[in-house]
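These are the structures in question, set out in turn.
One chain, chain A, links the two complexes that follow: it is found with chain B in the first and with chain C in the second.
Let's turn to the complex of A and B:
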């Protein structure tokens, strides 16, 4: 973790000629930076310590089992897969929506009333607690016409809980973050760059595709990383909309589709369940799963960083 | 300067409302101090060529509004190929607006509108498709603004997508090379065309922008203070480039830098508060301005 501290030029000690207020401010900057590092560091170290104590490769590759004896509860392969599926699904839905909305708002944004509504609509989604989204999703996906996305019980009652349902609602969590980061990136592009493209006889569409979107790639990546992290970290939607079944339970016979239409759990619901607060009561497993979750999120961020910086270097 | 030798310049807006400020025509012998009153020590790179080139563009009684406020007021101005037309004037006088209206870039500003007529080869620009107009009347901006792609792709960007089928790299290469050569950048980038354009120096970036603008083979090249963000050396390179380019196309350059206008312009238009106060051959405008405001401006009286 890098310190976000102010760099004193050339690593010289504070010069004696500085005013007291300047020295105080620089000291405060250092202090905040170091404090943030300490917080992040202690979190990771604690999880590392706790997690490494319990984590093992076996846990990652074996299915979970429901048992009162902690040593017999198996691993958390299914929740791990669940987290990955949801993160990917949610992002796949949110990325085009968020980028599209951001492009429309910054590059077109007309009529003004619609632009304002879109903006406040997305802000509202951003402010909605995920459990509200989950309840709304349950209502939505229990409708007959969406029955093909989840399990239908005898008597035609639509269960409404599936990876599809949870992924769709999860995308709403990532959407505002992707939208916000993309819009900020687009707004940071000076107008003369757009004009340079128009002045070459380019259409707006070509300008957006060839110039503006590549230039805002970094912002998009930041938003996506944040969004994925939020999806991986959400519990309410998993418990309500994914069923939080210990194992993946497919619906139907098609290989991938059955899993997506079926229920499952994620690392967050697994942690919750096995923590002293939940029913599973396997705190060791909870620590191990929490550690893995943290690693997954860090790996996601790192991967996206790597991807964008490599693309940027080619540009 | 005898008025009989050169045809009268097309417009002198100042006559309407600013009659008393017109400087009395100078008699031969007392040329208002000649070039010295400009305070410009640098020599002109090339003597003004009084060739009457082919008129490519013409603004007629052009008035450009931002909302209700006119930024350019009733300007009539010819743009001829084979010469450099320089628009000078203090900040906010409307010269950039005038330039941007020539290729309809002002349309991007929601509140902007214009009255009057702009023609390109006799045809009203409003009657033309805006994308093809802007390829014929290309523009370079104040800030060097290459796109975040390779040098090659920057130049090829303008060429691509113009055709119905995307031309391949090999097909585009000759055109890209030619544009880079015309912009005088080829020798510096030839070894590595995949070099990121944003890693070039400021002067190179601006020449890349010129190459990009030239790649579409424009008939008119608009330059909006192209050197104001550059060091003197890059400025000199670009000025030489402009002088070379004027043989092939019509060049309009907006500049704050009087010395620059003096060095490279064949014709000069002086704008003030939206009006075209004076238009004429560079030697006449700098050496023997007819309007008092022109004289004041070029001798450093205001602005």
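Let's turn to the complex of A and C:
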């Protein structure tokens, strides 16, 4: 190695071949890199500034009230709960679907045509705009046979907007992320691990349950966190499928079921409705809720890093 | 990847059951997609069939057409369906193409910077920055757009004379094509950067080292070898970003002005500050009218157009990825 560098007179001759246009393009690279940092920095700092200006503990713990005066509209406890409910529900539905599909595709994958169409099917779901998912969900959950999941009006018309409906459609947003992360984790397991398990007389099903799934737990966790982040940040589905009522409005009497069958709002729809584009027009509240939302999303996207890197260090 | 053979004892019965169960779970997704396409197209059909190909053409004012449909008589035979979507389609195409073209240029330079030129410390900052920008919810971008950028453009960048020059056709308030394109670019560029960075990293070292050995400088090597080898992934990134931009509804409905107006490139600089109304944003704007049957059907027709275009985009992405598999470069 040293002999080689000694014989070639360093990298000098290469550097001398820089044309003016090459230098210009490298300069552009630097400019875009720095611009990227500036955009992200100013975004976060601006939200931080607005957040510290308007967020208070009261806002997080009081129910929203409908009022024309911005100072009397209460807090956003209900939207916060709504975000949590939807994120949990969406991932609860998406997790078995995504993990099941990933395991089937990597471990079985027969017949091949079905495997290929499942793969591209999930890709299509990832490419479908959430607004289309939202109004498809409205159509689906307005059907008579799904009326038990939402509110039925007097004329026997099914409302089709509820936490159930929104959660089911949100799961489709998280699904590609969970599927992708689980599949990557499964593919990273070397095949001799599987063979060792078979050599011990384990069946394929037992191998999947006892060996492969525990080994890919980290990938699943990453996918789930990313999926939750995406769900927490989606607005279109909430605006259309959750009714975007200010408070949680239950349907029926059962304590938990009534909330899930009822309507509500999330932080995203709260921000949307309180921006000048919505009806509330309370920009202070919108900034405060947006700050909380940004923190939630950042925590979901980067929190998992801390967790996995700490585990990796311990191992 | 090579799949290890089943245990020597042959397939167990629990294995069969597991395979069937998991296969069924996987197929649920296919059923859902098929259901979605069929449901949405069936619901949208009346709007298409009443207008024929004129649906895609221009004519009349889109906003008043939407209001007429909303106010159509209760008698199903007299439903109002007349609709010419051209301004909306044109706006969608303008905003999407604008953001993808600007975003691609940025993403290419930024990805090359991250892979090749950034000092280690800056690279350690840039990678989380890209992830952060991709993760920020669209409603936050929309909020900043409507509360910061739109007033700035409306008050400082558009002169009074410019506002008066087009006052008889459209009001210039700052809700504009330019703001929409700028914010959409910020939203979709990180996705492209992440994909292009991944692709540039999978380019075999021997290729770039060979070019270095021939005396090419670092920029030439990246540009002529790495970027060229990653071309399929770059196209794939564009396709994904286009799908994202096409379907963006909330942010666009906040900053684009929601006026069914087709900006005219002949207006010069005014063109960039004219308001637009993309398809997806129109669905959100009219969300409360979904229960009015003819308006609902018209909005489902928008969704059908978006759905079909995103299906074609997925197909395009798949086609683009085929040649890449041949060279063993994974996306």
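Here is the rule we use: the second predicted complex is superposed on the first by the 253 of 315 C-alpha atoms of A that agree within 3 Å, B and C clash if a C-alpha of one lies under 4 Å from a C-alpha of the other, contacts with A are read in each partner's own complex, and residues count from 1 in each chain.
Keep in mind that, in the parts below, contacts are C-beta pairs under 8 Å (C-beta built on N, C-alpha and C of every residue); 3 or more make two chains touch, one makes a residue touch a chain.
All values reported here derive from a predicted model rather than from experimental measurement.
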item: First, second, both or neither for A:210, with chain B first and chain C second; value: first
item: Touched partner set for A:140, first chain B, second chain C, both or neither; value: second
item: Contacts of A:17 with chain B and chain C, given as first, second, both or neither; value: second
item: Touching partner for A:202 - first (chain B), second (chain C), both, neither; value: both
item: Contacts of A:123 with chain B and chain C, given as first, second, both or neither; value: second
item: Of chain B and chain C, the chain that contacts the larger number of chain A residues; value: C
item: Chain B versus chain C as contact partner of A:96, first or second or both or neither; value: second
item: Touching partner for A:190 - first (chain B), second (chain C), both, neither; value: first
item: Partner chain(s) touched by A:32 [first = chain B, second = chain C, both, neither]; value: second
item: Footprint overlap on chain A, comparing chain B with chain C; value: 194-195, 198, 201-203, 206
item: Footprint of chain B on chain A - complex, ascending; value: 190, 192-203, 206, 210-211, 214-215, 312-313, 315
item: Parts of chain A lying in touch with chain C, wherever the complex brings them together; value: 13-15, 17-18, 22-23, 25-26, 28-33, 35-37, 39-40, 43-44, 46-47, 96-97, 100-101, 103-110, 114, 117-118, 120-125, 127-133, 135-136, 138-140, 172, 175, 187, 191, 194-195, 198, 201-206, 208, 229, 232-236, 239-240, 268, 271-272, 275-277, 283, 286-287, 290, 293-294, 297-298, 301-302
item: Sites on chain B touched by chain A in the complex; value: 103, 105, 108, 130-135, 138-139, 141-143, 145, 147-150, 157-158, 161-162, 196, 198, 209, 212-213, 216, 222
item: Residues of chain C defined as touching chain A within the complex; value: 1-4, 6-9, 11-12, 14-15, 17-19, 21-23, 25-30, 32-33, 35-36, 39-40, 43, 106, 109-110, 112-114, 116-118, 122, 125-126, 128-133, 135-140, 142-144, 146-148, 186, 193, 212, 215-220, 223, 240, 243, 246-250, 253-254, 280, 283-284, 287, 290, 299-300, 303, 306-307, 310-311, 313-314, 317-318
